[in-house]
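Pasting the structures here.
Each of the next two complexes has chain A plus one other chain: chain B in the first, chain C in the second.
Moving on to the complex of A and B:
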């Protein structure tokens, strides 16, 4: 891979939780020593179930949350330590699952986009601003009439288009998209995914696409990182991960997708039981308590990512 | 005689802005032990349909017209008391979010035990052995300990197992499942589905399985019904519908669940219709890639094509109304 655009190094994020009335503090280890690189103009999917830490990692890489330790470098600049300089802040944007909580309900779309436009270009004239906002709406296939509407007058898909328009207003190089289509109806999802793919191509943006839906991951991502209980289990080029799956957990995820093309359905693995707690995650491999192929060693050995192919890594030394 | 027959059901909601025709003239039947998948997007009327079968439509909603015949009796003509007798015993329901239905301050054992009290008159405390057996049956780990737990001590998947235990406790003839796994993670979802199918085989209960997830319905349902804007658009054998969808909307849904690599995904332009002011003619016509001039003028009837019933003017000639 060429020099990455964004580099997350040994990220840990621990959230304190009080232990009863007198007992001290315990920590939820949402992200536990994760490194991830994202190249320019590539789409990396971050896949995992709830509690995997994917949203936490995404927010840290977007500069919204501070990591407990570790750092995120954007073109060599530590985005958290250097106080998120303006030019860095503009280059990194985020799109959320629920546009209702990210779009101010009391602002018209023009003002929502206007905020971002003036942020990029303070002192811009009103008519120029309207022109820019209109262009942004065109880019996301929305009629200019929408400029004078409030978010509640828009459908879920339209609101997500506005969120995308706002994100690209600042001409970012990197967008974290956290489950941007999960809340939408099936017939609307494809529209938004196609839009994201087009915006990515036309603007040369790198995207961290956080999702649990393998269908959209297969469609738009170049790379996939699979997370489980705060750790990355597998990482690699999307086709590699689907075709030459390197981790039993990835295989269990693929096993839940019956319509996946035949060539990727080589495995039929089912995980055992319920995911364990993040407060006291299992020792050894995090997945061993649910892994149908777990061996004795898996309870003890702390798994490191090992290379099993070109740019393809797994945290399971025993699989395959 | 089918187990359940729904005829021309209409359920409307009276809102200040007008009348929402959530279910607008839907008919179908269900055989004993059969699984009918009901697919549709939000606002298609699929959940309202489910609620109306067990008499859970609350004002401002009301059943305007139609019949719901269960084992020969029209449920819409029964008293609340007679209905309560059937609901929870012969017809049960599993909802998407167990949190809405589990009482947070009651221990699991008591809540599940209440099912026996309500229908068999057994005091919950005396039913505890039965409850433990039942929880074991839905493979809740450590059932002896779990009867003492409160709902918040259980994960989402475990709570859904508890809901399922209540739904199967009295060996129902019909279980209505409203997005039972949509709030769960995919691996847990797969386990719950496996459990449901096992329970079906054991009880021989019929199921109405409501979901927006066509891929899931494709795996489990014998027949499939697709709804759009409060209307039935197509109903038939699941396999046949997947192989050769007749209605353009069904076709779009089937296309939407295919895996496509690095190409534009097939899309359906536009948004689902407003049920306050549904489009004239066919409700799908503004989004339909195959629309004809007449589609905005004429409401399509329902036509039989092979073993399938489809509501689209394309089949007006071919099918028998």
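Moving on to the complex of A and C:
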């Protein structure tokens, strides 16, 4: 991989949870010592069940949340320390899961896009702004008529297109897309995913694609990181991870994923029980309580990522 | 092109208002209340032309005269025409209410939004301040403030306005707390927008409806407070007509001449009730779910 565009180093995010009046404070370890690199113009998928910490990691890498420890470097600049400068700020954007809450219901589409456009070009004239907004809508295949509508007059897919248009208005180099299609109708998911992929190619944007739908991950992402209980279990090029799976957790995800080509569902592993609490995550390998292949050592040894192929890492030394 | 877009824009705005009006007008009581409030407002503004007599002209010889065709509401203890005094008094009673609601809402919403948006120590400071204000009932707080600020129209408005501030702080804070986590607020932050911009552009417009409803309810309450202060002699000073002080001055004659107290009382009741019913109507037409945040004005 070339020099990464954005690099998360040893990110930890603990959310304090008060336990009664005198119970003291416990911590939800949403993200627990995770490092991730994203190369320029690549799509990296971050997959895992809900509660795995993927959204938290995404928000930290977008600069919205402060990590408890660790840092995120964008071209060598720590975005949480000196990265709030506008130039850097504009280079990182985000697309949200629910387009209903990501577009202000009181603003017309023109004003929603206008916010981003004036942020890029303060003092832009009104007719130029309309022109730019029209171009943005064209890029996401929306008719310019939509400029004068309110979000509630648009369908879910159209709203998500507007959200994508807003994200690219500032010409970012990195976009965090947090489950951008999971709130949408199945019938239009593919369109939005294809749009995202096209925008990514045309603008040369790096995307962190947070998802739990492995089908779309297979379709568009270059790399995959699999998260479980705040830790990365496996990381590698998408094809490697899907074809030469290196972790039993990934295998359980693949075997239970609907709509995936048959060849990837060869593993017949099913996870045992429910995910444990993030407040007291299991010692040793995080997955051992649910792993159908768990051994005695898995309870004790803290698993580190080991390289098992070109750019392919896994946290399980026993699988394969 | 430009022209066409503009007309459509206007049509859409109109259709939004129409939709609201359709829902609002289904509530007959609220519509009647609205007309009552508009009617009282017009009567107050045009008091000089509508009032049959000079509200200050007295005729001691005819004091406490009961209602008659010439004086439908009768005469007060100085022989002044009560109807004329009620019409002129509406200026003060409602004018004070409008001004103090505006003042209380402006201060309260500003503090509440700042409190909810920033959280942390800013929130703590503002909330402890609010607790202190809330420790006294609204009327008592208003009395305390008038005592401190002194008599007079300005200090009256200021006192009543400030006494309603805590409710607006609580309301605006809880609404802002929800808004600040909305993705469009996060999106604006990522873009690099400043806090003041986000509060003005994203948070305020999305919380105006509940605040409008709260203000309508509180119009009813502030009319009662203003009258209460007037009754106690802490409000508008005689001989200026004001509904509360009219009752206060007439209370000695309540057995001999009940009309002196009854008519201003009826007007206070009707106006306060009308604002509360209008508040219900607005709430239901705008969004019935907001009921859990809002405190009624009575």
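As a convention for this text, the second predicted complex is superposed on the first by the 316 of 320 C-alpha atoms of A that agree within 3 Å, B and C clash if a C-alpha of one lies under 4 Å from a C-alpha of the other, contacts with A are read in each partner's own complex, and residues count from 1 in each chain.
Basically, contacts are C-beta pairs under 8 Å (C-beta built on N, C-alpha and C of every residue); 3 or more make two chains touch, one makes a residue touch a chain.
The structure displayed is predicted, hence computed values, not measured ones.
Shared-chain residue A:3: touches no atom of chain B or chain C. In the superposed model, A:202 makes contact with neither chain B nor chain C. Look at A:311: by the touch rule set out above, it reaches neither chain B nor chain C. Of the two partner chains, chain C is the only one that A:62 touches; chain B does not reach it.
Legend: residue contacts after superposition of the two complexes on their common chain; A:103 is shown touching chain C, with no touch to chain B.
Looking at the shared chain after the overlay, A:90 reaches chain C, while chain B stays out of its contact range. Of the two partner chains placed by superposition, only chain C is touched by A:116; chain B is not.
The contact surfaces that chain B and chain C form on chain A in the two complexes do not overlap at any residue.
Those residues of chain C that touch chain A in the complex are listed here as 5, 8-9, 12, 182-184, 186-193, 201-202, 205-206. Every residue of chain A that touches chain B in the complex is listed here, in rising order: 49-50, 155, 157-158, 185-191, 193-194, 197, 212, 215, 218-220, 239, 252-253, 255-261, 270-271, 273-275, 290. Across the complex, chain A meets chain C through its residues 62-64, 84, 86, 89-90, 92-94, 96, 98, 101-107, 112, 115-116, 119, 148-150, 153, 163, 166, 170. Of all the residues in chain B, the ones that touch chain A in their complex are 41-42, 141, 155, 157-158, 185-191, 212, 214-215, 218-219, 252-253, 256-269, 271-272, 287.
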